[in-house]
Amino acid sequence: MKQEITFRWVIPAIVVLLAVIGIPFANDYLLYVATIIVLMSILAVSYDVLLGLTGYLSLAHGFLYGVGAYTTAYLTTNSGWGYWPALVASAVISGVMGTVIALVAFRTRGIYFAVLTLGIGLVGYQLFLVLEPITGGVGGFIGIPGLPSLPGFADAPQRNNLVIALLVLAVAYGASMLFLRSSIGAACLAVREDVVLAQSLGIRIGMARLCAFSFSAVFAGAAGSLFAAISNFVGPDDFSVMATGFQTVVYVVVGGMGTLWGPVLGAVLIVALPEILRGASTYAVFIYGLILLFFILFAPKGIAGFLLAAAKRMSRSGRVVISKEAEAR
Amino acid sequence: MLELLPQQLVNGLALGSSYALIALGLTLVFGVLQIPNFPHGELYMLGASFTYVLVAYGMNFWVAVPIASLAVVIVGILLDQVGYRRIDTGGNLSLMISALAMSTVLQQVATLIWGAEPHTTLSPLPGVLRTAYFSIGYYQMLIFAATIACWLFVWVVLHRSRLGLAIRAMSQNKMAAQLMGIDLIWIRIATFAIGALIGGFAGSLLGASFPIYPTMGLNPVLKAFVILVIGGVGNLWGAIVGGFVLGILEILVSAYISSQLQDIGTFAVLVIVLIVRPNGLFGRAEVLR
Amino acid sequence: MLSIENLAAGYDRLEVLHDISIKVEEAGSVVVLGPNGAGKSTLCRAISGLLPCRHGKIVFDGKDMTGASPADRVRAGIVQVPEGRQVFPDMTVLENLRLGSWIHGEPKGPDLQKAFDLFPRLAERRNQNAGLMSGGEQQLLALARAMMARPSLLLLDEPTQGLSPVAIEQVATALISIRAQGVSILLVEQNLSLAEAVGERAYVLETGRCALEGPAAELLSSDAVAASYLGH
Amino acid sequence: MSLLSINAITQRFGGITALSDITMSVEEGTIHGLIGPNGAGKTTLINILSGLVKPSEGSMEFNGRQNGPWPMASAVQYGIVRTFQQTRVFMGLTARENLRIAHVAGAGDANADDLIEALALGDVLDRVAGELPYAVLRRLSLALALGLRPKLLLLDEPAVGLAPDEITKMAEVIRHFHGQGLTVLLVEHNMRFLMELASRVSVFVQGRLLFEGTPAECQNNPTVIDAYLGRGLKHVEH
Amino acid sequence: MKMMKTLLTAATFLSASAVGSFAENLTLGELHPVTGPASFYGLVMSQTLKLRAEQTNEKGGLDVGGTKYTLSIATGDDQAQATKGVAALRKLMTDDVHFIFGPLASAVAPAVKPIIDKQTDLLQIIDGSIADGVVNGKNSFRVQASADTYNNAVLNYLTENKVKSVAVMTDRSHQGFVMSEKRMGESIEKAGVKVTGLEHFQIGDTDFSAQLTNLRASMPDALVLRGYPGEGALITKQAEALGFKGQIVWEMGAPPSTVMKNIPSAQMDGVTNCIPRMMADYVRLNVPNALKLQEEFKKKYGEDPGENASFSNDAFWILTTAMQKAGSIKAPDVAKALTEMKVTDVPNLIIQYQPYENGLLFKDGQANPPSACQVWKGESWQNPPGDKIEMTTKN
């Protein structure tokens, strides 16, 4: 447990460090891939608050991510909003949408919850296609304004994108940590571990999981909003259940559920992997599937589980060494 | 437009029978083993692909169908042994992810072997029955009959055979089944084999009317999950009824509202069903009665 | 016939049984008594193979069964009537009985007849779903179902649990007639009257250990058992 | 004054009647024992009182409040808290996180230090519950319930599976909190343990309330002895 | 963290290898789906480009302003997905690639457009996507037809054959077809042909009976199908089964090999496909350059080049010719040369582009490949009797 708390700080510290070192030198491609990784990390971290804390598997988050993206696209292109208000609006609208979905979906449990949110995700994807006046239909939005420049990054839009995405990730990560430590977070944990016991301790389980769902929806919206501005283009394909919705689950599970930092590593691995495998293009998706299978079969606690176990071993062997020294004296 | 209703209903039944055929194997595995076997869609794809290959090498279609289906059974059993048995106690989530991972792997293997281009086995039974009110292909009628036959087959196995007795016992009370001296591993394998057999058979037959390509199983299996929820997990009769309901519903939405809203209609019904009845239309307790 | 030597078993980190040794003679009947939490059900599960032994040995008919699967033990003749009856609720009485004879294939006429002779009520309800029957009837069904496997050792885990005195009497009568057929019985019970009616030898478990052992008649009438139950 | 009164509660599951027409009351400030052979309906009663299951018939009053039983969350709010026969804590979380959940859910500012000291949990706070020894888990699960500062604690077999010295410790803990004004309804099979603690005992047999009295009365009442030991089968032919 | 490191090293390694170290090297990029569901379209295009580059190198390289350049093709696999396409393009750009062929997919073209628009030293020649609004005429050109050219082919067919009424079914996941659907409907109506119904389906659908039943009831003379050949074949079969007796008109790239894999050839008899002329069409019309590519492609890869090879082939020649004309391998110079390029300037073209004013190849970045209708007969598309091609290039 102690190790886990340490990791909670060490991993973000490493990310920040890498960013500070890497950003000035990285080329546009690496910056872009890194930006996408960060976007997916925002999704993954906030989604972990739902999946990791409550154990409810939602497949509707691809849709919520899309709601954020389309909201920003619409507001900045058609209504002339500035980016920052559009970001807030996207998060809020996605949050509200998420809350409505949660109110409906939490009537069910287990596999029914997964299938219901799958249905919502599929309907949502179709809505992006069909509601052409708002979403641009299959053509989507072209020409979405980019992210506003931070001071000092005016000449380097790619770096600017990455820095802003990192800032939002920091907010998402911090907010998730606060959520985890809050009374609602504790209540969510209780719901995941043992619903009956949680109830017997007087926890209003409905409220707890609703909060977790809404929380994750807000940041899914924010991530979507960033995606729209960074891509300058939004089309329905990125928001299908199989694209983003299921991918998010994969980040969290491969990374290690309920740890917050694990899902970040999951997003890093899963997004980076196809890029690394670009050379082995024909086999890329195949290898990707095998790796996923490997994790779920042999490392069900994800990368986080690996690291924690390794850390534990190291600290243990460290202790042994120290005690031997003590004996020698 | 109402004068088209008979034809549209026939269309719905034809579509529904293809859905039901796929849902049948899925619901069996789900009902008995509580495994959301997402790669059922890929078993369906493999049934179709194997048949295509065999026919391409000159084999008679009707000979190829059982051979391809049996080959799929082997794949199905392998899936279970590799991907599910180890994590059986790991909970729904692990099973689901393992399922999706295997789904991806199978799709990719198929792409590497056969490429991504769609192809269709030539229909062994062309021709159309035309009446005053509707027309329907002979092959569609055959699929309809095959759906009912498969349901009967599973029903007979479950309710009239020793194996079925053990499968039902296992689905109702694993511990007690063990105390009867039943080897759960074999029952598990048998259940998967039957599920895969029907999945492969479905693909084998439907590959002669639908295009075959590596991701062809994705849509049908999503629909099958919807049917599963509507019809009740593990409820065979529910899978058939649910399949037909979904088929007719899709056709009616497409015909009388808009063909753009076909999918929205389907999934909206799923959402509404689950809102009204959180455990599915026919409830959850109906496991393999 | 059955000999349990220094058995230890439990769940996760909790060891429930420590160092238990019990013997059942050919055609003998043994009762294991004890208050709740003494480890009676754990003992049953260890004998039938649902729970692995951590320590010790289970020998049946001269064969070491310690690592055998539940199915192998059933085939060897150890058949358990589990606690809480555990009939298959959505199956008919007849189907439950067919499952009972699983290791011998489809039930033979005489086997079924024997079961129905023993429990005429079951014959009347052969096509009714087991889940719809009363607790007493379910217990009789569980017993009949176990007999379909033609056990040489019948293992019963608290068959009187939650039953009315009338139902308990029916169970007792059935057990006596089963014993008369030469089937060995290992009865794990809390209810002394059934133990008195059926048992030859008795063991008393207390917190996972054998506290007392001796001829049933002697042991059961002694105050020691009552003390162990009622905390005198 | 009775803190809890149960009025004609009946519970049926399928073809089986688990409780029939139970009427009894628990006085404020007492430790009230509940005994009976397995399957007598004791746990079912606890499930009903704590709001886990709804009874088929009947009602209850608690602390002047009528129209119970209430759903779990409300029951806890009114001061009825239960423990479980099987050890139930949040196995994946540390002891500290476990306690945090309980305190957070509680009404007020429970004196955590007293609780941790009384239950001797100080040394294990940062360990994951799933790795703790059984006896500690039993105490932790009790701490979760006590953290909510209940008026009435429904204890379902707190001593089950414990070694004799641990049982003594458990009795001390219960007495400690009883001394602070806690009312306890105690289901227990370990008679020595129960008889030491309880001032009144109700005996359940087959879902019925057979007898109620002091522990000594129970121990010496022939019907209780027969029912509890299951003696009194006269008609079986040998 | 090891992962991150691996990523960094891998990326550095890849970029280093792609940039190369000789000044005479010139890398041309392509965005095509060489894996994934659309790979059977994309792979052929990639192969054609590589074939052309190899041949050029064998002849001593591309001579631009006196310098000989050895050509290499850097493949950006977009898997026909928007985000993958953007990443692939960014990677190519990072690897110092300034010329991009592609993309093929209509999902990718709009996604990469914002990036390309912003670049000053990047030139794109689209050889696949027919999506609306992706060509800017500054640094983005298209040798493939626009959706409107596709639609005009159909319109011409309808008017020439005096079709009185028509029903249209469109794949609603195909950006180019969907976005131009309304325009197409209007222009058909304007030409005096009644549109009795506009229905939709989606790629991967297997049942079209509801739409077809409705369409059949509206009794159109012709049924136009816009999408991909897998669904096209299936709709054709189902339409016949439901008793539709009118003319079926396809509007899709439909290689005979794919068609034959999905429908018995006899059932295809008489189906007409109205699209820009493609590879096989030029082969049948004995356009010498087409025959040459066919032969060379078959020799190297053992297969026929497939429908889209002509676009990739011509994109290659148009770009390299523009470089030679500009005497520069700077993208803006080459773009300028493209704007001024005449159809007759480029040798080796397969497609007989119809020149704009002054014989120009591009107008606002869009080239104008001729379209025509072919009729299925036997085992492939056949040019209708009397069909002949007006040669606009030196062959």
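Letters A, B, C, D and E name the chains as they come in the text, with residue numbers starting at 1 for each one.
The definition used in the following text is that a contact is a pair of C-beta atoms (placed from the backbone, for glycine too) under 8 Å apart; a residue touches a chain by one contact, two chains touch by 3 or more.
Everything quoted here is computed from the prediction, not taken from an experiment.
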Study note, to complete from the structure: Contacting chain A as well as chain B are chains E
Practice item. Would you kindly say which chain has the C-alpha centre located farthest from the C-alpha centre of chain A? Key: C
Study note, to complete from the structure: Contact tally winner between B-E and A-D is B-E
Exercise for review: Return the chain whose centre of C-alpha atoms lies at maximal distance from the corresponding centre of chain B.
Suggested key: D
Review point. How many Å are there between the centre of chain A and the centre of chain D, using C-alpha atoms for each centre?
Key: 43
Point to revise | Approximate Å spacing (C-alpha centroids) for the pair chain A, chain E | key: 37
Exercise for review: With chain centres taken as the means of their Cα atoms, state the distance from chain D to chain E in Å.
Suggested key: 76
Check your understanding: Which integer distance in Å separates the CA centroid of chain C from that of chain D?
Key -> 30
Point to revise | Two or more partner chains touched - positions in chain B | key: 218, 260, 263
**Study point:** Two or more partner chains touched - positions in chain E
**Key:** 35-36, 172
Study note, to complete from the structure: One finds touching chains in the pairs A-B, A-D, A-E, B-C, B-E, C-D
Review point. Which residues of chain B touch chain E in the complex?
Key: 1, 3-4, 7-8, 11-12, 14-15, 18, 111, 115-120, 122-123, 126, 128, 130, 135-137, 206, 209-211, 213-216, 218-219, 250-252, 254-255, 258-260, 262-263
Point to revise | Contact set on chain A toward chain E in their complex | key: 14, 18, 22, 27-30, 32-33, 36, 129, 137-140, 142-144, 231-233, 235, 237-238, 243, 265, 268-269, 272, 274-276, 278-279, 281-282, 284-285
Practice item. Quick one: which bits of chain D touch chain C in the complex? Just the residue numbers, please. Key: 14-16, 18, 37-40, 133-134, 157, 159-161, 163-164, 189-195, 206, 219, 225, 228-233, 235-238
Practice item. Provide the residue numbers of chain B that touch chain C in the complex, in ascending order. Key: 162, 165-166, 168-169, 172-173, 175-183, 287-289
Study note, to complete from the structure: chain B contacts chain A in the complex at 36, 83, 86-87, 90, 92-94, 96-98, 100-105, 107-109, 112, 218, 222, 225-226, 228-229, 233, 260-261, 263-264, 267-268, 270-271, 274-275, 278-280
